[in-house]
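Here come two complexes built around subunit A, the first alongside subunit B, the second alongside subunit C.
Moving on to the complex of A and B:
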């Protein structure tokens, strides 16, 4: 009897606890997302792991036939071949062994490029963020507007620009001179045009807006009291930056590092265009060619990339989770002080504007030029035509389309599809990211919270190409997962990290006292979210919508296997044109993508006041 | 939590319930004797968009003409061969996707047919005009990649023997698409290691140098040529760009091995280019022992086809003059049908076949592992 009673008390207590647990919106959000993300990310991961031990049809099956293996069998052969074939009897020793050529050498190149590009992105993006938010530099508006251009352009188009601009008869294929050599007679050395340096630079510039957005957001929003207190205590400026500013932006720097490193690691198109001519290979290029022949080995490469991504993610979490978080938006705040650059203002501003003109504006001008000339390199008027934009019946060109891009039904259809896809992905990812951010911040320190935190970042660490390949094979088993639904889900999952990062950042900056005040007065959760939390951190949350949108608009490798047809979205169409060497249509489409993204950004900006260049800070 | 996860996964797997397998292969088998009218009638009775994948850009033009002719709604997709095979693998389970496929890389095709991704169909009307060996699987046309050089300056690389290309003076002057990025290029290299071609290369070596070839560590003359040839190559990203680049006025002394049909492009300065075999043919010599390589472009019905009759009708159409027209207007494409005349200004298919390396899919599959491992060492 007594026992029964205690049991009942225990049960009531337990169910009471459970009920209490479920009354907190943060818990429900986390629970829902842990399940959703578990299925959407762990299932692909398991599939990927399976692929590394299975014999695939085609050349792979032929190659292992002598070992008595057939299609569908399980084997360690892929690992053996890719990682442990360091002496295959050839004369070249280890450096000409299969594993060195196919894995270790491209692996080292990949690490070097990813580190260098992260460094460039953080340094350049961080410096610009600092100048814009914390100094009285001139031309701020121009700089912040133009700075994001390289991110809007599909990354390989910047690579193509670099190549067309600097190529010359001394290097690469050595067949023609680019704009720079023909105009100034200066022949750029090979290291500047092909290989490690330009690949790192192009990727670094492409991803610098990550740094700008993440670091800039924190710099702009940080509580002025911290610095003011130091100033009152007569702390020197340099010490303030070192002891206060830097530690505060550290989490953002680490986030940037993680994002840039993971992106650079799996970037495919840039190394193809800037690496192949000088035989500089990266893991992504090897993965792509292995995917067509020995796909088991390709999946191993994908797996190793994920391992590295996760390692950085864990490091990142260790460094940011150790109680070093800073509430920077409290109930009370004041304007942050701006550093007066004085005499240095003009030189700094002019140098920065010049750099941006070269890396962000010049490519666009070049694209525009190249889209109107018929035979490359000939800039005379008689070689120019608007046909690629507004021509009709261009069969004489034999370049895939018989109408200029503005009159082509194919292009408009693809544009519509791309925009719709970008908007849907941004709505799903952005909203999920905001909710995830809320849940993670509210239940910070709990197991569930850190599980969701990691899971929501995980998709970003999977190389796009492999992520796409896995979803493709998943979709063949799920009848409704086709076409638009498939692309939208993949895009949303892949870009969720952008949104969840801004969500978490926004929530962590927000002092708990603000929501608590509302809770005490009995304001329901939905109202708290829509009337208090969202409005305060509107700009940060909105950047969580904008980044996925922009990224989707210019994404290629993620979608390339999933699009129903190569004409479905603009980027796959563009890549096809770039690869075929149909430069004029390609350049015109590229300009179209940039223009549309800018228009989208402008519209969002006019409607809500947020924009990508204003970034997290608003 | 674990239980919850497994429930969800179970639900996903339930959704995976496989739809009924398309019986395209049965339909094709039963249609072997249908004539054009019967085929057309059945095709017109089919519903939905007719979807075609092809790794030739002009497939879309051919499809547009075809659809206009019969009033179909069609969608042509220009994809890379490897992308097509990947997509087919996933479509065959779930249905949907391509109805008809036009594709290169015969080695991969062996498996695609064996795995039941694609079904061969030989239109009754063309049985006599296409040679037996090109019927199974059906070759719609041949495409060739040949040595083409820039004819400007005083250092014109007018080669008459492929061993000239292995000379150190050619270092950096040969442009080729990386064989890792396009399998037909790899297939060509693999074929060179065959008994037939290594013997021919051995003879050609003697003809050029006047002495017997010394193999050193190489297994045969094919391997030696591959190693020395690739050592002199720089790699371009596409055949179109290679053609454009080599045709530039500044590209004197450069030679490439790329698709002949790229010379049709308005962005290529064709006057600056000379096709090695054209010269050879005009002056009655040959480039020893080959002037390039030639490979088939196949046309097949997809196993997942929802419009199998339209697919067959389209294949039949592609084998006619009208169907070949998009390729028939310029050099570098050769119908497998003897009823279609060679393109104006080009050499006939027989001349090209005699002077080019051809694909043997089974040999390529059997030797891929060895030769590809060898080739990548010289791509470093």
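Moving on to the complex of A and C:
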């Protein structure tokens, strides 16, 4: 009797506790997201692993028929073929073997390019960061405004510009001369136009603003006293930089290095434009081309890229969390005295401005020019027309459409589709990020909270193309996951880390009492979010919406494997057009994308004060 | 007038126990202070009564209504407890003006516009901040922000007010000014105040009753002056009063109602008011600094180690046979360092049992001269 009673008390107590747990919105949010993210990140990863040991239809099935295997069977053949076929028995030796061509050579290329581009990004971005924060260089305003352009613009912009500008009939699949060859009669050599050098350079320039933001942030916030203390001790300027400043920014430099390395590794668009014409492959481009023929091997490459990406970024997290990452921000920092560049000031400033004009402005001019010439390689006025933009019913355009792009139904549909996708992804990712941030911050320290924290960061660790690949494999198991729904989900999950990071930051800056003051007066949760929490941290939350939107608008590698041919988006359409050699339309579309992205960024920046460089930083 | 009753409240976090089997009766209309060093669980208790934190075990009754009962699964949200809460960092919403900050909660309670308007006007006038009605919090000084926070908390007219170290972010001058205001407010609003602080002076000056906590356990619950004169144990005696009580280890030989006491090379006779409850003969003698009376006819000789005249009183550190004693002398008087003075004891002293730390006797201590 007594035992029964205590059992009853225990039960009520337990149910009371459960009920209390569920009355806290933070708990419900975390529970929902731990399940949702588990399904959306771990499940597709599992299906990816399965794809690496399964025989797919098409060429793969016929290749293994002699082994007595059919479609759907389980086999290690893909691994064997991709990684361990180093001697085909032919006369070519190792360099003509399947594994070398399909894997080892692209792998080495990838490593070389990633290394080189990271170096370029850090040297260039770091140098500019130093010039802006520590010297009295001229034109600082202009430089710091224009310098982030290449990072905001799609990564292939520079690549496409490089190719269009320097291409000539001597190299690659060159059928026409670019502006440079036409105007000056100089035919650039192949190594300058295609392959390792331009890919590294273009990626390096694209990620330099990223290095600039990270390193510049530390240089700007560094406690002036640290350097002043050394000055008081009569340390010469150069020694201060070497012994004080550099070691303090070192963790930021290392972190930048790892992040650009990981990003370069998974870059897809740039090697497509600057590598594929001369059969220079990286893992990403190789994986894409294998996907149509031997998808089992493609999935193995995707897996390897994921392992590398995760390893590098975990290393970065470990590094930035360790004791060696210095907290240098201090509230009481005075203005650091700036180095006087004296006579060198003007030359340095002018060279820098010139580089920036070439990198950020010239591409746009080139695209505009390329989109109005009729016959390739002829840049005289009489060879120019606006037909590719606003022409109607013109059969001579011969690029899959008889109307110019501004009047083309196809283009408008793709643009609409792109914008819709960007908006949907931004709404889902931004809102989820805000909720996740709320949950994580409110229940900080709990197991559930750290689980959601890691899960929401996980997609960031995965290379975009590989992330697309795992969703491709998952969509073959989930019948309704097709078309727009698939793109929207993959985009939202992939960009969630940006948004959840903004969300967590915003919530951590907000003292818990701010919300409790409203709880006391009985304000319901939804109203607390919309009337108190969101308005106070508007800028940070909005950047959680902005980042996914801008990234989605210019995203190619994430979607390239998944976009259905019937309902294409602008970026994949650009890729199709340039593969088909439809240069004018391609350039026009590119200009359209860049304009939309810059406009979007500018508008949101003006409206909310949120900007793309906020919240970025791995 | 609502009172509050806490019964056997325990709060466990993942690893440690913040509050252990804590019971407290708060009479209606009281001004109660929860006092203790940081991390003693006082804020947790306040937040549990307010409903911002859920106790692991126990029962909370406010105004005769059970608002929390772990066994019965009752847990009312803050709004149903009819309370106000004043936060340490004010928690003013930075995107709303002073008026909006105060109005927000009232709108939420579905007050009509005219009533909200007149209520706000009243409050702003009471707290002398009418001229800031349309300012944003960041345009106000700390003291002004504090007044707005108080106005916002008082707006719905809560019968119980919780305050979590509300004055700790103000400078010394403002703090003493706000102290006076709070005491006035308690009288004017006719409500029950529960106040958390680690500042013993605040607790002494403001409360009708002080509740001292140490590591989640209640030490003593009495009116402040009772606690000052009759501390339950060493912890309480040390916590209340500044400069703190002198503690001197020694021995006591009990004969009926008096005892022979030896400490710091001194001998004396202790006449108890309430008998002795000593386990052994090891004691700690507790003497309040202001009860060490410095005068030329004092029984004992001491050397001045240092003297700190503050105008109204002077704190004198004395050296007696190698032991330090702190004395407070009222008035503007200074003593040269290393000069020789004489002192005797006035009023009461306390004997603590050395092994338990508990108060074992209160009485008059007379020191024997050489």
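FYI, the second predicted complex is superposed on the first by the 352 of 618 C-alpha atoms of A that agree within 3 Å, B and C clash if a C-alpha of one lies under 4 Å from a C-alpha of the other, contacts with A are read in each partner's own complex, and residues count from 1 in each chain.
The working rule: contacts are C-beta pairs under 8 Å (C-beta built on N, C-alpha and C of every residue); 3 or more make two chains touch, one makes a residue touch a chain.
Please read all numbers here as calculations on a predicted model, not as lab measurements.
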What's your read, subunit B or subunit C touching more residues of subunit A? B
Answer with first, second, both or neither: which of subunit B and subunit C does A:476 touch in the superposed model? first
Looking at the overlay, does A:566 come into contact with subunit B only (first), subunit C only (second), both, or neither? first
Please work out whether A:184 is in contact with subunit B alone, subunit C alone, both, or neither, and reply first, second, both or neither. neither
According to the stated criteria, A:526 is in contact with first (subunit B), second (subunit C), both, or neither; which is it? neither
Output the subunit A positions appearing in both contact lists, the one against subunit B and the one against subunit C. none
Interface residues, subunit A side, partner subunit B - complex: 34-35, 38-39, 42-43, 57-59, 61-63, 71, 88, 90-92, 96, 98, 101-102, 105, 169, 172-177, 272-273, 276-277, 279, 289, 291-293, 374-377, 396-400, 469, 472-473, 475-480, 482, 560-561, 564-567, 576, 579-584
What residues of subunit C sit close enough to touch subunit A in their complex? 14, 50, 52, 54, 70-75, 77-80, 83-85, 87-95, 104-105, 108-109, 152, 156
Residue set of subunit B touching subunit A in the complex reads 1, 4-5, 8-9, 12-13, 15-19, 51, 57, 60, 75, 77-79, 82-83, 85-87, 89-91, 93-94, 96-97, 107-108, 111, 114-115, 172-173, 175, 178, 180-181, 183, 217, 234-246, 248, 250-251, 254, 264-267, 269, 330, 365-366, 368-369, 372-373, 376-377, 379-380
Could you list, by residue number, the parts of subunit A that touch subunit C in their complex? 9, 12-13, 15-17, 19-20, 23, 445, 511, 513-514, 516-523, 527, 531-532, 535-536
